[in-house]
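Order of writing sets the labels: A, B and C. Residues in every chain begin at 1.
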Amino acid sequence: MRLALRELRRRPGRFGVATVILTLIAILLMFLGGLLDGLTAGNTGAIRAQQADLIVYSEASQDSLVRSRIEPRQRRQVQAVDGVSEAGELGSVQLGARIEGKGPRDLVPVVLFGYQSASAGLPEPPARPGRAWADDTLKAEGVEQGDTIRIGPARSPVEVVGFVSDTRYAGQSTLWASLGTWRRIQNENRPDARVAPGVSQALVVRAAETGDPPDLAERIDQATGGLTSSLTEDEAIDALPGVSAQQSVFNQILGLTVLIAIIVVALFFALITVERVGLYGVLKALGAGSGRLFAGVLLQAVIVTVIACAIGAVAALALDAVIPAGSIPFTAGGGRLIGSTVVLLLAAVIGCAFSLRRVLRVDPAQAIGGGQ
Amino acid sequence: MFLALKEMRRAKVRFGLLISAIGLLVLLILAQQAIQTGLITSFIGAIEKQSAPVLVYSVDGQKTLQGSIITPPLEQQIRSTEGMGRTGRIGQGTFTVTVNDDSDNSDAAIIGYTDPDLGAPDELSAGRLPEGPGEAVGSSAGFELGDTVRVLGPDGRPSGNEAIEVVGIADDAQLQVTPTLFVPWPAYVSSVKTSNPDAGGVLPSAIGAAPAEGIDAATLAGRINESSPDADALTRQAAAEQTPGVAEVRQSFQVIFLLFGLVVPLVTGLFFLIITLQKSASLTLLRAVGAQSGLLVRSLMFQVVLVIGGGLLVGIALYTPLSQAQLGEIKLSFDVTAVLVWSGILLALGLLSAVVSARRVLAIDPIEATTGEGGR
Amino acid sequence: MSETQTEEENDEVSRDREADPTPALEMEAVRKVYEVADEQVVALDHADLTLGSDEIVALVGPSGSGKTTLCSIAGGILSPTEGRVVVGGNDISDYSPKQLTEFRRDSVGFVFQTVNLIPFLTARENLLVVDEIGSRDRKRANRRADQLLEELGLEDRAGNLPSQLSGGQKQRVAIGRSLMNEPALVLFDEPTSALDTKLGEQMVELIREEMKSRGTAAIIVTHDERITGYADRTVHITDGRLEA
C-alpha cells in the first residue's frame, strides 16, 4: 500500500495522463448534471415553493396551469372535502416586463403569479394592490427593492416589495402578488384570456394531517364531479412541459458518459499495469500477495479519481460564477458535485478490475529469470 | 502498413477499448447534435415553415406568438408602412383537444391565418391546404391525414360541431414541442371561443407581411420597426432564431460539444503517447536495422486513423437506429452534414493529438540500440 | 582467401555473396570524439581495421573500451568524427542520417545484446520486418525467411511470439533476421552473454556456420575469451585504441 502511494508521489507524470482525462470527464459529468439541475430548478421553482400537498387543476387543462380554470364553486367543493385544511387559489400570466435602464425592445420575460397561501418559501402576498415579491434572479436585471416595473402591453405597474428565492417557472423569473392584482393585470393585458372575479387557474391544497395525498386527491376530484385533476407536487412537476423529457434524456447521456469513464479508466490502467509486470514479478517474489498488489492499484485509481473530481468541482464552481445569469441555465449544486464524484469513483474501481487478471497472472519466477 | 496492423492485431484489448470509448463518444456527440436540432425544430419549426417572409409581433410578445397581441391601431400602423406588399393576420393559441374522438385528451397548438401565403406552411409533405371551414394542415409530429380534431370547452367536453379534419401534413412544423394545426382564421377564432367562453374579441397574435416589389424582407422589417415603436418585426429566419430559448439551447449544447469533442483527441493522444513510450525499445531496434523515422511516424498516424475511423464507424452505426427514433415529441433525424463535419473534425484532432507521440518517434536515436537503453 | 561458394541450384534466394575480393569493411584512421559537458571524450582513436569479405573477427575489450562505438560506426549507426569507413564497397563516411538508415537496411545485419525482437511480431514476422521497411519484394522475402527458419531449426516456432520462445531460440531468430537482407557485414554484440556455457558454444558454432556458408563477414563483440576460438582473427581494443 505504502509502495503504491510512494509511486504516486515520486512518479506523478505516469498518472498524470489518467488524471487529466478523468478530470475532463469529471467536468463533463458535473457540467451536464449542473445543466440539468439548472434547467429543472428554473422550470419547477414556483411549484416547489408552494410546498403544497396537492395542486388542483381543471380536468380539461391537461394539467397545464395556463389553460386551467377553477370556478368559485369548485373551490368551495374542494375546501369542503374532509382532510383539506386549506385550498389557496393560484393564477399566473406570462408577460414582458419593462425595467428602467433597459431599451424599448429589451423586455424581460416574467410570470406574474397571484396567490393566497404563504409557505416557507413564499411570504404572505402583499396586501396592497399593485405590489409583488420578486424572484431574486430579477436582481441580475437591475431590479431593486422599491422599484416599479411595468409589465405587459398595458404597462401595468408593479412595485417590488422584496425578493424571494428559487421561485422561477418555465425558465422565467417570477413576481408574486395578491389574487386581485393578478386578475387585474391579466385582464388588462390579456383580454382574450379574461378571468372573472373568483376564477383562478389552480388550487394549492394543504392537507389537514400529513395524511394520504393520493387518496385525498381522489376524494377531491370526486367532490367536484370529475371536473378537477389533483396532483401531488411531484406529479405536478412531471406534468410541466418538457421536465420529464429533459430529465430522461440528460440521464441517458450521463449514463453513457459514466460508461465511457469506465472504459477510459480500464484502458489507462491496463496500459500502466502492462509496464509494471516486471515490478510486480519482483514484488511477488519478495512475498507480496496478488491481493495486496491489486489493492495498491485500486488505491492509486481512487486517489487519481478524487484529485480529478476535486479539480472538476473547482472548475464547475468557477463556471457557475463566471456564466452570466440567464445565458446558460447552469447551477453547481453540492449534491450534484458529490454525486458525480461517487459515480466516478465507482467507475474507476470497476475500470481497475479489468487489470486484476493481469496482476493475478504475474509469475514471480519470471523476476528471477530476468529477461523479456 | 504491416507493423501498424500487426501491433493492433496482437493487442486487441487495448485497441478495442480505445475504439469503443471513441465510438461511444462519437455516439454521444452525434446523438446530442440530433437532439439539439430536433429540439430547436420542435420549438420553432412552425415559424420557419410558415409562409410569411416577415413576421410582426408586438414588442410585449417578446418574439413569441403566444405572448404577442396586435391591437387594431398597431395593425393599422403596420399596414401603412412604406414598402408594404400584402399583410395577413396570424393568431396562435394552445388548446386541449381530442383527436379522432379518443378518450384521452391531448394538446394542440393552433395557428390561424387570413392569407394562406402569409401564415400557412410553405411546403406540404402530403395532402393539400384547407379549402373551407373545418379543415387544417397538421404537423407530421402528432397528426396524420384524415385525423379529426375537436377543441374542448372548459367543461372538458368537445363542442359538437367544431370537428377539424386534417387534410394536409407538413414536416418539421411544430410549435413549442406541441402538435400543431394550421387553420383558416374563422376556425381559429371559434377554437378560442370554444376553449374560453369568457374571451372578448379575438385579436391576432402577429401580422404576416410580404414586401412590395423591389424591397427585400429584411428592409421591410427594419422599416416597420422604425415607424412603429410597439412593433417587433423580424424576417422569418430571424424570428425563428431569436425565439427565446433557442439561443440558450444552442449555447448549452455548444459547451457540451466542446467538452465531449476535447475528450476524443485527449484520450487518443495520451493513449498513443503511452504506447509509443512503452514500445520505444522496439522502435529503437527498428531504427537501428534501417527503418526510416518517416516510416515509423506514418505507421503511427495510420493507427490513429484506424482507431478514430473505427470509433466513428461504431458511433455512427449506433447512432443510425437512434436517429430514426422520436424522443417524446422531438423527432430525430439522421444528419448527414453533422456526421461528415464531426468525422472530419475528430480525425483532424486525433492526428493533431498524435503529434506529441510523433515527435517522440522522430527523436529516437538508433545508437541507443547498442547501449541497451532502448527503453525510456 | 577466396573460396568458391556452393550454390543451391533450384533456389536463387540462397545465392549469396560469391567469391568476392572486395573487403567487407575498411576503416582508416577513424576517430570518434564526443563533447560531454565541456570536455572532449575520445571514444575511438585512430582505428584502422580491414575485414575480408567473409572474415569473422572477434573484437575483445573491457567495458568502456570503445568496442560498441567501433561496431556502431562499422554498422552505419554512427558517423565518425574523422576518418574513412567503407562497407561492402560503399563509402559511408559522409552519409547523412537518412542515407545511413537506408544503408543499414540494405547492407548490414545486427544482433544486439539486449532488445532484438519486436515483441508483437511472430518469429517469422520478425524476419520479414526488414523487407517490410525496405524494398518490399514480398515473395522473395517470404522464401528467404522460410529458408532461414528451416536452417536455424525454427520452422515449428515460426508462428510464435518472442514471449513464447526460449533465450536460445530468440537469439536464433535474431540471427535469421540479421541475414535477411543479404548483408555485407553482420555485427554481433555479446551474443552469448545471456546464455549458459553449453548454449553459448552452440550459438557461436551456429554463427560461424551461417556466416561461413554464406561467405558473410562478421564482427563479434565479446569479452569472453573462449569465443575467440571460433573467429578467424581476434582484435583487442582498449581505451579506444586497437591493438593488432
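By our rule, contacts are C-beta pairs under 8 Å (C-beta built on N, C-alpha and C of every residue); 3 or more make two chains touch, one makes a residue touch a chain.
The structure displayed is predicted, hence computed values, not measured ones.
Novice: When you take the mean of every protein CA atom shown, which chain's own CA mean is nearest to it?
Specialist: Chain B is the most central one.
Novice: Greatest Cα-centroid separation from subunit A: which chain?
Specialist: Of all the other chains, the one whose centre lies farthest from subunit A is C.
Novice: From the C-alpha centre of subunit A to that of subunit C, how far is it in Å?
Specialist: For subunit A versus subunit C, the centre distance works out to 70 Å.
Novice: Mind checking the centre-to-centre distance between subunit A and subunit B? Centres are C-alpha means, answer in whole Å.
Specialist: For subunit A versus subunit B, the centre distance works out to 24 Å.
Novice: What's the distance between the Cα centroids of subunit B and subunit C, rounded to whole Å?
Specialist: 65
Novice: If a residue has to touch 2 or more other chains to count, which residues of subunit A qualify?
Specialist: none
Novice: Mark out which residues of subunit C touch at least two other chains, giving numbers and ranges.
Specialist: 115, 119, in rising order.
Novice: Using the touch definition from the top, list the residues of subunit A that touch subunit B in their complex.
Specialist: Going by the criterion above, the answer is residues 17, 20-21, 24-25, 27-28, 31-32, 35, 58-62, 64, 66-67, 69, 94-96, 104-105, 107, 109, 152-153, 171, 189-196, 199, 227, 241-242, 245, 249, 253, 256-257, 259-260, 263-264, 266-268, 270-272, 274-275, 327-330.
Novice: Which bits of subunit C are touching subunit B when the two form their complex?
Specialist: 68, 71-72, 77-78, 98, 101-106, 108, 110, 112-121, 125, 128-130, 132-134, 161, 177, 181, 189
Novice: Please name which positions on subunit B make contact with subunit A in the complex.
Specialist: Where subunit B meets subunit A, its residues are 13-14, 17-18, 20-21, 24-25, 27-28, 31-32, 35, 58-62, 66-67, 69, 71, 94-96, 105-107, 152-156, 176-177, 192, 195-196, 198-203, 229-230, 232, 244-245, 248, 251-252, 255-256, 259-260, 262-263, 266-267, 270-271, 273-275, 278, 327-330.
Novice: In the complex formed with subunit C, which residues of subunit B make contact?
Specialist: 2-3, 6-7, 10-11, 279, 281-282, 284-293, 295, 366-367, 369-372, 374
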